[in-house]
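Across the two complexes that follow, chain A remains constant while its partner is chain B and subsequently chain C.
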Partner chain A sequence: MTLMQKFLGASAVLALSAGAAAAEPALIFDLGGKFDKSFNEAAFNGAQRWAEETGGTFREIELTSEAQREQALRRFAESGANPVITTGFAFATPIEAVAPDYPDTKFVNIDGFIADIPANVRMISFSEHEGSYLVGMLAAEASESGTLGFIGGMDIPLIRHFACGYAQGAKAVNPDVQVIANFTGTTPAAWNDPVKGSELTKAQISQGADVVYAAAGGTGVGVLQTAADEGIYSVGVDSNQNHLHPGSVLTSMLKRVDVAVYDSMMAGADIETGVAVVLGLAEDGVGYAVDENNESLLSEDMIASVEDAKSKIISGELEVASYYATDSCPALDF
Partner chain B sequence: MDVMPKWADALLIPLISILIAFVLSAGVIVAIGEDPMVALNTMVQGALGSSYGWGYTLYYTTNFIFTGLAVAVAFHARMFNIGGEGQAILGGLGVALVCLYVPWPHWILALPFAIIGGALFGAAWAAVPAYLQAKRGSHIVITTIMFNFIAAALLTYVLVELLRPAGAMDPASAGFPEGTHLPTFQDMAGLFGITAFRGAPANVTFLVALLACVLVWLLIWRTRLGYEIRAYGHSEPAAVYAGISPVKIIMVAMLISGALAGMMAINNVMGEAERLVLNSVEGAGFIGIAVALMGRSHPLGVLLAALLFGFLYQGGAELSLWTNIPRELIVVIQALVILFTGALDNMVRMPLERFFLMFRKKRPAEPATAPKPDRKSTTAAE
Partner chain C sequence: MDLVTLLQILDSSVRLATPLLFACLAGLFSERAGIFDIGLEGKMLAAAFFSAAVAALTANVWIGALAGIGASLVLSAIHGLASITFRGNQLISGVAINFLAAGLTVLIAQDWFSQGGRTPSLSEFGPNARFTEITLPFADAARDSGPVGLIYSELISGHSILVYVGLLTVPLTWFILFRTRFGLRLRAVGENPAAVDTAGVSVVGLRYAAVAICGILCGLAGAYLATGLQAGFVKDMSSGRGYIALAALIFAKWRPWYALYACLLFGFLQALSLRQDAVERLTQIDVPGQLLDALPYILTVVILAGFVGKAIPPRAGGEPYVKER
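Right, the complex of A and B next:
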């Protein structure tokens, strides 16, 4: 009984302290941390943009352990945060478990997959394979050696999905192109290991690669750096990383996590839920980055061919195989 | 010899060490412009102020008890098992296989077999480094730490290629069936009509961990094997002279150590996640080293140290949830505690010993400390 009173007291205090800032959105970053220069940072940037434009505030937490996923979801839901936005596929299962307990709270997840989406959950995913296909085409067109590199973080389906689209795009331009795919590590530290990324880049260069695509979170910083040092091209991922090494970063595969977060926060508590939204080329959810840093690297022919492929993908005339569909890739063996 | 009374060695030194660590942490918090008292309050309230907080604190504690005991048992044989991480990863695999492929009707039946599964896989993972140490002299520190990486790679492969349900993006196994769900503290409190521990992951495994503490104590101090392990740990030549086989002791101590680390999986894999995820151990194997060091390799000390680290974990989570203190700083606080309790032990011990010596000199010689009549010296005088 005393325990219950304590608990009720504690939650009442929480409710009171949260009352002042009702319907504040909350953002939960995955274990990679919010300043990973990539996926989570894109989400943070979207939230920052929303805060600057609306003058609103949002709650945030960077997770440090798996057990905190449910904990953070529940605590934010109980404190009145709405919507609760999460980044990363690993949140799918905890959200599925937690969402029915808080029917008045809207949950948003980016990258995850739930078969039966609860009524108060919005699942946002991206067609990374389509965006990767386009940068794969650009890479194959820019390559002189006919060998391309791919450096992933951990060997998990999501990263194979990136690599698969990339290899398909490259082979569409040049059927003889060779794609070398390597992964940085086997532990989550692989997402933040620029030194290892750099080593792998050097190894791929010695095998003849002259364009490398990094889909490895913070590890990509080391890949891009080494590519610039060694005078080859690189392709950034998630955020626009062209500015990191102008003249060396050929382009970046954009995954507009920032837009997804920004839009979710804009919609606020009225956000449409119970749906799975896929943001592809048509929705500008993915794409390739062109700005003043890489204009000189991309010829008009290259742009034209990529734009052509882009419109074909949007119209459905060209279909990029998804790794998820068959758990295998037609253009690349893992 | 014993300059300090036992209570000072067991309690006073850790307490002073923790105090110094907290004072330094407070300094760091002030330096980044936050209020250390608010931070401390958030941590204590969040970790110990409600049954919910206790539910999380005890969940982490359970993990650290198992890995702490694992390291402690190996310490008694003077072996530094850094492989708790990998052994716990493999233990998770063992528990997952037991839970996924046997249709258990009830958790009471599933639990003992899951314990065996986790312990067997954990022990098997420790067996190779143990064999290499016992027979080939390859240093256990090197081999066990390398086996951590092999374990992580193996788990990634198994989850991505074999156990992942078709079409799922998350490299994790399918959820375990209903019959393997362990009762949480919430369920257990519900039996008595109490609403408590809501949503917290602490589960019946905590009781298993307490039992493990008792069993390890019995093993080390009340059995012949425990005596042999300690004898080998104190002096290998003396142990060999007494007819104790080093190969056997190294193998047995490491197998027990690996089994204990593997048993952690019933808490985090079977009890909490109810599926096998890629990153389920998350450093508990390494925290176990700090826990064993701080607990002086004694089960009771391990229990208390595990509780402290459980508090730091849960309090740290609350800190990052409700304040602007970044999560890196929480790691700094944990690191300071480890530094002062583990590595800088002598910094506190030596002044304290001097203090006790001073104190003793002022008193007249006590009968208890007065030298007993020595038969040898008397015979020599004759």
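Right, the complex of A and C next:
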């Protein structure tokens, strides 16, 4: 080996290690798209906040088809991005397949579930049932008819998890409350069918519902619109949707995806992996939204009772049953 | 099931059937002239976006509806150009239009409104920015005067004007196709274009006319979705209704009145799947909503398999007309 070759080799190693030190985080948005006013946009906002505060840059890609999931993961991993953050439950399986091939890259997934988490993967989920419990309490207190509606998007366990927490919260306030739960469909098209969302809302109104909680992506736009047109209350989801129809949107169940993304990017390549993290009320991972658009709808008594329940849930005094634990819900039949 | 619940379901059926009806009649004109159109979905989607976007920009829903029809006509022209003038494969052209519409609408929406590929809610732009429900004369007074009055006020009254336009389009389509010279030629061009050509009538002209009518009707379907049923556009909001309309067209054996019945039936099945509580009370068994959702497709397959009469498409459908080889 000549001196020249040694020199070249050393500089290559230096360049590689320098590249690893300055690895950029990467963010992969799910099919809903970066600006979905909800889940993915929250992730983007978190990344944006990180970039502004640290002056760092991050890479991103918006998926346009199912087939791109694995491809996008491999591309970012091979280009040295670290950590690679993904949003959406559908990433769990591709990550499980890809992660062992790139042991030096850390992968983060929000919302997914893997039984045996690989050593370089961090799974983040939210206690949606706790947040839904709180908005369920508010809904039951605001309802005059004693009938509440729930409209889910695609019929998957995650959405039933939302419905289950909501029903428990409602029944905690008023044991006689009736909760009608409907799902828009069983295919991904169910996330983007506001027309069906509207018809479901009308159907629930004719069954007596006067507060409707939509956990349905783009379909929820139709639900909130119809609720506003028909003069009943609605509850938004994921992001703060109170501003969409001030006076009609009672509150929104917040899921702080932005906080999860921000924290992951802050931790950078040193992020703890091989674990599943659950962000609940205690970590401010979920909550309910109060702002100038809905403060006139929520009385002080309502806020006080919800805050009381919140502190009880955090202290462990009150436990909200999870749909995942038993694949069934104590407060609601599907 | 009591009368009120039944009327609510029928009311919902009419609303859900109207976009199907417009799209189905659109396909009827096109396919009767020998141009298969799998792009109904895309045209509806484009029309939904442009009607909502322009209604938001001008605060006038009628200008919005015209813009929607215009957008649908542009896509129709592309389909016509590809499949009539350049004699391309009609199915491929239709699929391309569906892709184009799905991507283009979200892209333009993001550029114009920056709201994640949707338009702002039209309720922010005043009462004229969307089609409101029309209360027919005496509807409120008739509500309490027995079942007939209830049917009048609940079911017949209280829809957007496009619903009534859609229902009137059925006899109009029947009249045009079966009682006018233009209709006779249009049907002939789908069965035997060579004969029409021999008679000295332009095959290309007739087919373009049919495709243009198809564009207008798809435009109305999209405008009804975004500005009648909804107050704004959401990405992919047509959710496969263009394909269900195609199924309805086969179910109706390419005939206008049957198209109305097929669309009402499909709308009824969709409405029923939203009211599982009523179905359960009536039948005492737990009927899965998925089954009701799938029924339109199952029925179409049954029809296609030849169990309930035969569905014979126009003979020259799908084939570009070549005058001389």
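Assume the second predicted complex is superposed on the first by the 312 of 334 C-alpha atoms of A that agree within 3 Å, B and C clash if a C-alpha of one lies under 4 Å from a C-alpha of the other, contacts with A are read in each partner's own complex, and residues count from 1 in each chain.
Following the convention adopted for this analysis, contacts are C-beta pairs under 8 Å (C-beta built on N, C-alpha and C of every residue); 3 or more make two chains touch, one makes a residue touch a chain.
Note that this is a predicted model, so its numbers are computed, not measured.
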- Specify the outcome, clash or fit, for chain B and chain C once both structures are aligned onto chain A. clash
- Task: Return first, second, both or neither, reflecting whether A:Thr186 touches chain B, chain C, both chains, or no partner chain.
- Result: both
- Query: Where does A:Gly33 make contact in the superposed view: on chain B (first), on chain C (second), on both, or on neither?
  - Reply: both
- Query: Of the two partner chains, chain B (first) and chain C (second), which one does A:Phe113 touch, if any: first, second, both, or neither?
  - Reply: first
- Message: With both complexes superposed on chain A, which partner does A:Pro100 reach: first (chain B), second (chain C), both or neither?
- Response: neither
- Message: Looking at A:Gly231 after the superposition, I want to know if it touches chain B, chain C, both of them or none. Which is it: first, second, both, neither?
- Response: neither
- Task: Could you say whether A:Ala72 touches chain B, chain C, both of them, or neither, answering first, second, both or neither?
- Result: first
- Task: May I ask you to decide whether A:Ile156 touches chain B, chain C, both, or neither, giving the answer as first, second, both or neither?
- Result: first
- Identify the partner contact of A:Gly274: answer first if only chain B is touched, second if only chain C is, both if each is, neither if none is. neither
- Clash with chain B, by chain C stretch, listed 25-33, 115-123 or 295-303: 295-303
- On chain A, the residue positions that both chain B and chain C contact, one per complex: 33, 186
- Item | Residues of chain A that touch chain B when the two form their complex | 1, 3-4, 6-7, 10, 31, 33, 61-62, 64-68, 70-72, 74-75, 89-90, 92-93, 111-113, 154-158, 161, 186-188, 324, 327
- Query: Considering the complex alone, what residue numbers of chain C touch chain A?
  - Reply: 5, 8, 12, 15-16, 19, 106, 110, 114-118, 121, 123, 225, 229-232, 234-237, 239-240, 270-271, 274-277, 289-290, 293
- Residues of chain A touching chain C in their complex? 33-37, 41, 180, 182-183, 185-186, 189, 192-196, 198-200, 202-203, 206-207, 218, 221-222, 225, 228-229, 244-245
- chain A partner, complex, touching residues on chain B are 45, 49-52, 56, 59-60, 149, 152-153, 155-157, 160, 164, 166-172, 175, 189, 194-196, 198-199, 201, 268, 272-273, 275, 277-280, 282, 313, 316-317, 320-321, 326-327, 330-331
